[in-house]
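Next come two complexes, and both contain subunit A; in the first it sits with subunit B, in the second with subunit C.
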Partner chain A sequence: MQATSESGGGLSPIVKTVARWMAGFILVFGLSVVLYGHLTPGGGFAGGVVLSAAFILVVLSHGRREVLQILSERAPTIYDGLAALAFLLLAVLGYAAGGFFLNFLPKGQPFQLWSGGIIPLCNLAIGVKVGACLFGVFAALAVFRHLHQRSA
Partner chain B sequence: METLPLFIAIPLAVAFLFPVFEKLSLRRALLDGLAVLATAALLAGSLGLLAQPDRVYWIGGWAPPVTGINLVSDGLSRLMLVVVQAISFFSIVFSLRYMDRYSSRGFYYGLFFLLLAGMNGVVLTGDLFNLFVFIEIAAIASYALVAFGCESEELEASFKYLVLGSVSSAFILLGVGMLYNLTGTLNMAEVAAKAPALSGLPIMAMVGACFLFGFGLKAAMVPFHAWLPDAHPSAPAPISAMLSGVLIKAGGVYVLFRLFFSVFGMDLLYARVFMALGAVSMLIGVLLAVGQWDFKRLLAYHSISQMGYVLLSVGVGGEVLARGGPTPVAALAVFAGLFHLVNHAAFKSLLFLCSGSMEYVTGTRQLAEMGGLSRPMPLTGLACRVAALSISGIPPFNGFWSKLLIIIAIVQAGHYALAALTVLVSFLTLLSFIKVQRYALEGPLPELLRSVREAGLAMSLPLLALAALCLLGGLLLPLYAGALFTPAQEAMLSGLNYARAILGG
Partner chain C sequence: MTAILIGLFALLIFMIVACLIAIETRDLLSAVVCVGAAGFGLALADLLLSAPDLALTQMVVEFICVVVLIRVVVTRQDHTHETPKDTFALAAVVLCLGLFLAACGFTFAALRPFGAPLFAGPEPTMAGQYVAHGLPDTGAVNYVTSILLDFRGYDTLGEATVIFVSIIGAYAVLRSVGRIGHASHK
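Moving on to the complex of A and B:
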């Protein structure tokens, strides 16, 4: 097992299968933490960390070589930047209703999923941002570092 | 439409656009254009703000009685805002050419604008926790920028800066936490309204010590200066100009002024600490600078020394105020300190940009390896000479006028020994810049550097513009002092009235 992971080939098929199944559940859990952020403990940041954990699990089990075939180095950076811009856009859109960061959407009934105005959208942006950012840090350290060493 | 939040929103938006653009491999001209346009727009906006009266903006409409986060435009923050935008504009123009030798231009711009967003936030915010967050944004961007070259020396400097910076941030957070526990609010105006009731408590001495240590380290005052002579020279030259020219002011000295004048209220103890820190920094900084042979390191030590002037002068103003002395003397001391702060931003960033321009063509920062550069590089040589004369206080350049005012104010306040010290430090500054001129600009041109030429107009233009500011800043002072300095001076002298100005009533 040590030998395969050294060469970036990943772990045994049993581990890979289980990790693939688990990653799906973890993703759904992370999404629910993000989407219910304005109602329950958690929110964009905590949910984003869970989202990135799902991706990290897949990378750990499947190994570098397989992951590099589907993952480009630029993807985490782009999602990270775009999510931050989306969050800022929500803040600036408030100007249309009268002020920076003004909550311009209808607030709805408290404790309903569709409530809180822009807060769920902010949570969503933060979730994507944190997920992409944390996964990007992990990928930079664990996956792409070897690429640069080889090319250097 | 309210423009105050845009000073934070625009740099943030631009900062996050650049990494995306970089990864999409867009044309370089587009990146450069966006960077110049954004800084120019911010500079124009900050100049426009000068003409407008003080105002407060409550974010998201959360105005008192439900106090939310507010942005404040008063004299002092407008002054700092103009300085920050001006230096960042010149640094970006200089970067267009200078950053050719580095890869990852998009990430450089991204970090630069993050630094700018952090500083603008620090200057504008009226909320203590917000202040901490923005300081961290600026600090983390600057850690990465110091290490941008990725050489071992730069990584070491950045790590040292990171560790010391984090320690200072921890103390700032501790101070904010204790203050929140005491007052139940994080809004600076509300804390200021409760400050008179708190002033006798022993815990307030602890809070004051935390802030003095935290922001003293960010401002690199002796004895908290150890990181600066490594960090500032290691960064790319335009970043050195930003760090020395504005970051130690916006993230350090400005916050000290804001907190101790407007939020806690100046008392005799704080004023004397300011004076002691200022005097010690002034002297130790210049003594360490005289022996340096690395051009940028020499400049970095001078930053410590020159910021000592600012803190000393403002401290004298606070001391006169606290002991009930004549207000005009306090006003002159504060005015002179602020004037020197602005002048230092102009000539120190000019010096760092000159050092960058010389390093770009000669490939060295060692004064002993340079020589005679004023002949092949007449524009850089001229700008460097103007800046050297300004920082050493030679008439008619701006540094002379502010140092003169500082000395007059200190004498009027009755601190004759400190005035003599100020003159001595000024003399030592002149000495070390004669050395710079002798070794870098005069003398024989070394064999290796026969072929050097001026690095191009994009690099010379910001140098000349800043040199013009150094010359005109002093001579035309009566024309713009009323718009720039008088409101800032009044904002500081009015002290705890800050609370009433913001909360009303």
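Moving on to the complex of A and C:
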């Protein structure tokens, strides 16, 4: 099993099937932790780590050959940078209403999903950013290293 | 409160033992597992002290760290070899440990008692202001999030910048251009 994983082919079909089912649930859990961060424990950082865990599970079970066919090397970097810019944009947009990081959106009803002004949007940006960051580090260490050794 | 304290001290002893084993063991895999156990103990301690946000974050980060360490580090060969024990180094360690423990003793004698933090007094404090104005000012029910992303949003922006820069640094070390250029120079 270790030998097939090292050659990039992935683990056995049982592991692949279970991982394929579980990855969806883990993604949904991570998204709920991110989106409900202003209502329940959690938030952008924890939810982002859970999101990256789903992708890491797929990489570990399916091997890097299958993953590299659907995911380019630049994807984590692009999402990381876009989410960081979105978070900064939300902060700077506060100037339009009067100050840096001002909560300029309507507050809404407490305990509803659409409440808290810019806080859910900030959580979403941080979640995407942290998820892309951590998956990017894992990919750079575990997946792309072999790719570069082959191409170099 | 005493039950929480007993559980907390048991967790602290467990974490210290796990860290010592992680430092002293010769096997890399055992060391990684012990580091994961120490982080799991920290998550349980956060739960005991009623900080579910921290506990959730600590637990998922610990899982990812252990997985990445096992996948990336442990599959490589361990080339470290045992360094001989030096008397001077041992004496320096014991001296520094003694100084550290003495400083700890003075510090803990000056601390407020457990469960009575500085910000929770009857006078108007910062924590009291957060609790009083958190919901009406931000509309977020989770006060931790309202502090992180509204009252202290600037700090969170700096934190996100730190993560961004460290990840950029990791990419710069691991990127393909440098590897290929280095290989062609050889």
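One rule holds for everything that comes next: the second predicted complex is superposed on the first by the 152 of 152 C-alpha atoms of A that agree within 3 Å, B and C clash if a C-alpha of one lies under 4 Å from a C-alpha of the other, contacts with A are read in each partner's own complex, and residues count from 1 in each chain.
The working rule: a residue touches a chain if its C-beta (ideal position, glycine included) is under 8 Å from a C-beta of that chain, and two chains touch if they have at least 3 such contacts.
A quick note: this is a predicted structure, and the numbers were derived from the prediction, not measured.
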item	value
Contacts of A:V92 with subunit B and subunit C, given as first, second, both or neither	first
Touching partner for A:F29 - first (subunit B), second (subunit C), both, neither	neither
Which of subunit B and subunit C A:N103 touches, first, second, both or neither	both
Contacts of A:D80 with subunit B and subunit C, given as first, second, both or neither	both
More subunit A residues in contact [subunit B versus subunit C]	C
Shared subunit A contacts, counted only where both subunit B and subunit C touch the same residue	77, 80, 84, 88, 91, 100-101, 103
List of subunit A residues in touch with subunit C within their complex	6, 33, 37-46, 49-50, 52-53, 56, 60, 73, 77, 80, 84, 87-88, 91, 100-101, 103, 107-108, 110-111, 115-119, 122-123, 126, 129-130, 133-134, 136-138, 140-142, 144-145, 147-149, 151-152
In the complex with subunit B, residue positions of subunit A that touch it	74, 77-78, 80-82, 84-85, 88, 91-92, 94-95, 98-103
Interfacial residue positions of subunit C with respect to subunit A in the complex	52-53, 55-57, 60-61, 63-64, 67-68, 71-72, 75, 135, 137-142, 144-146, 148-150, 153-154, 156-157, 160-161, 163-164, 167, 170-171, 174, 176, 179-180, 183
Subunit B to subunit A touching residues, read off their complex	1-2, 5, 9, 12-13, 16-17, 19-20, 22-24, 57, 59-61
